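You will see two complexes here that share chain A, one where it goes with chain B and one where it goes with chain C.
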Partner chain A sequence: MGSGRLYLAVAVGGFRRYASYRAATAAGVFTNTVFGLILVYTYLALWEEKPGLGGYDQAQAVTYVWLGQCLYATLAIQGGGAEKDLMERIRTGEIAVDLYRPVDLQVWWLAGDVGRALFQMLGRGVVPFVFGWLFFPMALPTEVTVWAAFAVTLLLATVVSFAIRYLAALSVFWLMDGMGVGQVLMITGVFFSGMVLPLNAFPGVYGDVVRVLPWAAQIQMPADVLMGEAEPLGAFAFQAAWAVALLALGRLVQSAATRRVVVQGG
Partner chain B sequence: MDPFTMDPFIELDGVEKVFDVRRKTGFLKRERHRVRAVDSISFTVARGEMVGYIGPNGAGKSTTIKMLTGILTPSGGRLRVAGIDPSRERKRLAHRMGVVFGQRTTLWWDLPLIDSYKLMHRMYRIPDARYRENLDRMVELLDLGELLAVPVRQLSLGQRMRGDIAAALLHDPEVLYLDEPTIGLDVISKTKVRDFLRQLNAERATTVLLTTHDLQDIEQLCSRVMVIDHGRLVYDGALAGLHEAGESERTLVVDLERELPPIEAPPPARVVRVEGPRQWLAFPASASAAGLVARIAAEYPLVDLSVREPDIEAVIAKMYAERADRAVS
Partner chain C sequence: MGERSVVAEGLRAYWLIAGMWVRAGMTYRASFVATMVGNLVMTGMDFVGILLMFSQVDSLGGWSLPEVALLYGLSVTSFGIADLVLGSMDVLGARMRDGSFDTLLVRPAPVLAQVGADRFAVRRLGRVVQGTVVLGWALASVDVDWSVPKVLLVPVMVLSGAAIFSAVFVAGAAFQIFAQDAAEVQNAFTYGGTTLLQYPPSVFGKDLVRGATFVLPLAFVNWVPAAYLLGRPYPIGLPSWAAFVSPLVAVVCCALAGLAWRTGLRSYRSTGS
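Now for the complex of A and B:
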C-alpha cells in the first residue's frame, strides 16, 4: 500500500512534468491535426478506389486516422516517452542515482510513463480527435460499455508500448548510446503500430505476421474495439499477454544489466 | 590504530573490483584486458566519523562508493555497511543511506523542488511528523525557503546542490556519501554546504564519507583522510600528515620585465618552467615564501608575482611517485 502511494506520486509527477511544457503541447496539437488532415484525404482517396479495404468502410477509415493521431503521442509511437529519459540516464551514468533508491526500477519508470501518457492524451490527443469528429463523418459507438472496453484497451496499450520501449532503453547498458536504438524504435513503431495504414489492410503472410506482433496491441486493438471490429475480451487477452511477456523480459534484462554492466561515468 | 575501529560502521577487507574491458583493435578484432579499479582495499569507518576520500581521476573513488551503495558488486574481499552486504541487500540499505553525487541530481528536473521532497516522503516511507520536522530544518539550515516552488531546472548550481543535499537527508540516513559536493560552487555556496555538513555530523552523528578535489573541503570538515591511487589505499590518517608524506610544494609564479635565463634560486627552491618573461618556481609547502620573494626582487627586474598552493592532485601524484620509487629501490 505504501509503495502504491509512491508510484501514484511518480505517475502524477510524470503527468505534471509534461504539463509544464505548454508550447510543445500546443505545437503537438497543431502537428497532429495537420497530419490527420493529410492522412484523412489520402485514406479517402484510397478507400474510394478500394472500398472495404481492411474490412473498414470510409467512416471507419476516417475514425482510424483520428484515433491514430490521438494515440500518437499518448503511446509514444515514435518514441519520446520514458525510454528517452532512461536512455539518457544510462548513457550519462545518471542511472546510478536511480539504482540506489529503495524502489523497483521498472515499476518506477512505468508509473512515470503512464502519467506522461495520460497527459499526452488529454493535452495533445483529444483536440485532434474532436476536430476530426466535428468535420468528418466518423464511426463512433453510442454504448457506454464499448467506450469502457476501449478505455481498458488504451491502458493495456500504454503498458505494452512502455514495455517495448523499456526493453529498447535497457540495451543502452550494453550499447552505451541510444541513437541507433531510438531510430529503430521510431521506424518499427510507426510501421508496425499501423500509423501508416491499418494493419488490417496489409495483405497475405505479411499482414498475418504484423497483426500478431506486440505493436498490434497499440493502435489496431483499441481502434477495432472502439469500432466494434474486435471482441473486447480477445483484445484484452492479446494485449495482456504481450504486456506480461514483455514486462517479464524487461525484468530479466534489467537484472542482468544492473548486475554485470558498468555504470558509466565517474 | 585509532580508537574508532572499536565501532566499525563501514568495513572493507581486501575489497577488489576488476573490470573486463574489451577494446576494439581493428575491424571486428577486439582485445580483452582486465582493469583493477579497486585493488585490495581495507579500511574501517566508525559510526559518526567524517572521512575524506581523495585521489586523482580514475583512482577508484567512485568505484568504491558504488560498491558501498550496492550498485556494483565487489569482485573479491568482504564489504559491510551497518553489518549489511550492500550489493545483496541494496534496497534495505538504501533506507539507511543518503547519496549526493555533485555532478548528478536526484531531483525532478522539470518540477518544483518541493515535488521531489514529497516523492522522497513516499519513497522512504518517512512518517509525516518526521518528514515535516526534517524538511523545516533543511529549509532553514540550507536556506531553501524561496526555492521550494521553483522548478529544479531553473535553480543555480549552488541552489541545486543544496536541494540535493536536503533530498538525501530527509529520511535520516545513518551514513551519507558525498561525491564532490562542492564542485563548481561559488565561495558562499561552498561555505553554506560545509557549515551544514559540520552541523549535521555534530548533531546527528551521521557518518560521512566525502570524495573531493577541493583540499579545503577536507581541511574544514574531516579529521581523517584516505588517499587512493591506482585502486590502492596509499594513505590513511590526518590531513597534516598528508602534506608531510607527500612533501608537497607551493609554486611561485614571477613575471619579469623581459625574457631571462632561469632564475638562480637558493635550493631547495628551483625553476620548473619558463615561458617568455614568466617563470615558475617550486619550493616546499612548509617554507615561507618571503625570503625567496625578497631575493628575487633584489636580483631580478620583477614586475608581478603570485603564490599557488599545492593542489591535492599534485600532492597525491608526488606521493604516489615516491611510493613507486621506494618500491624499486
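Now for the complex of A and C:
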C-alpha cells in the first residue's frame, strides 16, 4: 500500500501547512465566535416568535448555529481550501507539473484538503462550538454511537464539499481566471449550505429544492444526525451518493480538461 | 505645512491613486461588470436571509419587516460607503509581510491615503447600491410620522454611519501593524458590525447592546437614531437627544482611530526583506 502512505503524507502536509498560521487561526476563532453570537441571538428571537420552526426547538437552533460556525472554515463554505491553490496552479500553468506526477490528481488534492479540514476543525472550529456549549443551552446527545455517526457525516461532508470545489476549480481550465467562479462558490456555499438559515426552515418549494442539493450534505445532514433529527443511514446514503456522483463528474471533467486544454504558461 | 494642507494633499493623493485603479479595472470590462453584479448578489444574500425569516414570522424582536429593512438599509449603505473608500485596508497585513508597505512610506504622500486607495475597486459600489435600494423601499414602507428633524436624520445617519465604520477600518489597520497575521480579527468588527446592526437591538442581550452603544459605539450608525425615528424604545434607557449625537460620535471615533493609526505607524518595524 505505497500509494496509501503517499496520500496520508499529503494529508499530513495539508494539516501542518494550515497549523503553521497560529495568529491567523486565533483571529479566525475570534471572528467565528462573534458571528456565532450575533446569529444565536437572531435565531433565539426567530424561534421565540415561531417555536418549532423547521422541526427544531430553541436548543436545537442554538446547536445548529454553533455547528455552522464550527464547520464554516472546516468545509470552506465560502471557498478558500484546496480549490484556491488549484485554480492558481491552472491559471499560472504550474498544473503541468502536477499532471506529470505519478499520482492521481483528484485524490492528491482531496488528501490535502482533508488534512486542511481536519486542522480547521480542531484548531478553529472546536473553540467557538465549546464557547456556545458553555454559554447557551444546546441539544447535544450523550450516546457515543450518535457522536460516532456524526463523525462519519463530517467526513462525508468534507468529501462532498471538496468535490463541489474541485469541479469549480477545474472550470478554470476553460475560463482562465477563477475570480468569477470563486464568487459563485461563495454565494452558493453560504446560501445553499444553510449558513443563513437552516435548510429545514426554508419555506415551501424552495425548501424542498435546497434540501436535495449537494450543499445539504454539508451542515444540515451532520446537524440533523447529531441532534437525532435524521436517521444516520439515510444521511450517509444521501451524502455518499452526492460524493460519488460529484467525484465521478470531477474525473470526467478532469480527463476532458487534460486531453483538450492547452496548458498556460510560457 | 499646516494640518489643512495635509488633508488636502491626502485627498489629492487618494483621488489620483483611486483613479489609477479605476482605469486599470476598466481595462477588463466584462470582468468588471461580472464582479459588480456578483458583488450586488453576494451582499444581497443577507437580505434574502431576512426575507426568508420573515416568510415564517411577522416580526422579529417586535420589529416588522419594513422596520428591520430600515436597519438593514442604513447599516449596509453606510458600511458600503466605508468599504468603498477604505475597504482595501485588510490587505495591509499582507503588504507588511512581503515588505511592500515600505514602498508606501517613502512616497511623498500621506500613507493613510495610499493604503485606503490601494486596489480601489468600483465593484464595491454593488453593496452601496443594494443597501440604498433596500433603504429606499424601507423608507417608503415604514409607518413614521415624518417631521423636518426626522427627514434630516436620514442622511445624517448614513454619513455618520459611514464615518463610524471608516474609523473601525482605520483602527483595524492600525491593529494589523501590531498583529500582522491576525487581519481576520478586523472582520469581526467590520463585517460582524454591519451584520449585528441589520437586526433589531431588542433581539440581543442587554450587555451586548451596552457594549455596542458605549464601548464600540456602532449603535449610533442606526440602532439609536432609527429607534427614535420609528418611535420604538431602545432596550437600554437613553435620553431622546441621543438620537442626534451620531455625528459627534463619528467625529470622536475618527479622531481616536487617527490617533491609533499614527501610533501604529510610528511603531512600525519593517521585515527588512
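Assorted remarks:
Assume the second predicted complex is superposed on the first by the 266 of 266 C-alpha atoms of A that agree within 3 Å, B and C clash if a C-alpha of one lies under 4 Å from a C-alpha of the other, contacts with A are read in each partner's own complex, and residues count from 1 in each chain.
Everything below uses one rule, namely that a contact is a pair of C-beta atoms (placed from the backbone, for glycine too) under 8 Å apart; a residue touches a chain by one contact, two chains touch by 3 or more.
Remember, it's a predicted structure, so these values are computed and weren't measured experimentally.
On the superposed chain A, the positions of chain B and chain C stay apart, so the two partners fit side by side. Of the two partner chains, chain B is the only one touched by A:Tyr100; chain C is not. Contacts of A:Arg259 after superposition on the shared chain: chain B is touched, whereas chain C is not.
Between chain B and chain C, an angle of 90 degrees opens at the CA centre of chain A in the superposed model, to the nearest 10. Once the two complexes are laid over each other on the shared chain, residue contacts for A:Gly13 go to chain B alone; chain C is not touched. Once the two complexes are overlaid on the shared chain, A:Leu67 sits clear of chain B and of chain C alike. By the touch criterion stated above, A:Leu156 is placed in contact with neither chain B nor chain C. Look at A:Leu53: by the touch rule set out above, it reaches chain C but stays clear of chain B. In the superposition on chain A, contact of A:Phe202 is made with chain C only, not with chain B. Touching more residues of chain A than its counterpart among chain B and chain C is C. With both structures placed on the common chain, the touch criterion links A:Leu247 to neither chain B nor chain C. Superposition on chain A leaves chain B and chain C with their closest Cα atoms 10 Å from each other. Comparing which residues of chain A touch chain B with which touch chain C, the overlap comprises 21.
Here chain A touches chain C in the complex through residues 21-24, 26-28, 30-31, 34-35, 37-38, 41-42, 44-46, 49-50, 53, 177, 179-180, 183-184, 186-187, 190-191, 196-197, 201-203, 206, going by the rule given at the top. Across the complex, chain A is touched by residues 19, 57-58, 61-62, 66, 69-73, 90-92, 94-95, 97, 99, 101, 104-106, 108, 110-111, 115, 118-119, 122-125, 151 of chain B.
On the chain C side of its complex with chain A, the touching residues are 31, 34-35, 38-39, 41-42, 45-46, 48-49, 52-53, 55-61, 179-185, 187-188, 192, 195-196, 199-200, 202-205, 208.
Residues of chain A that touch chain B in their complex: 2, 5-6, 9-10, 13, 16-17, 20-21, 92-94, 96-97, 99-103, 258-259, 262-263, 266.
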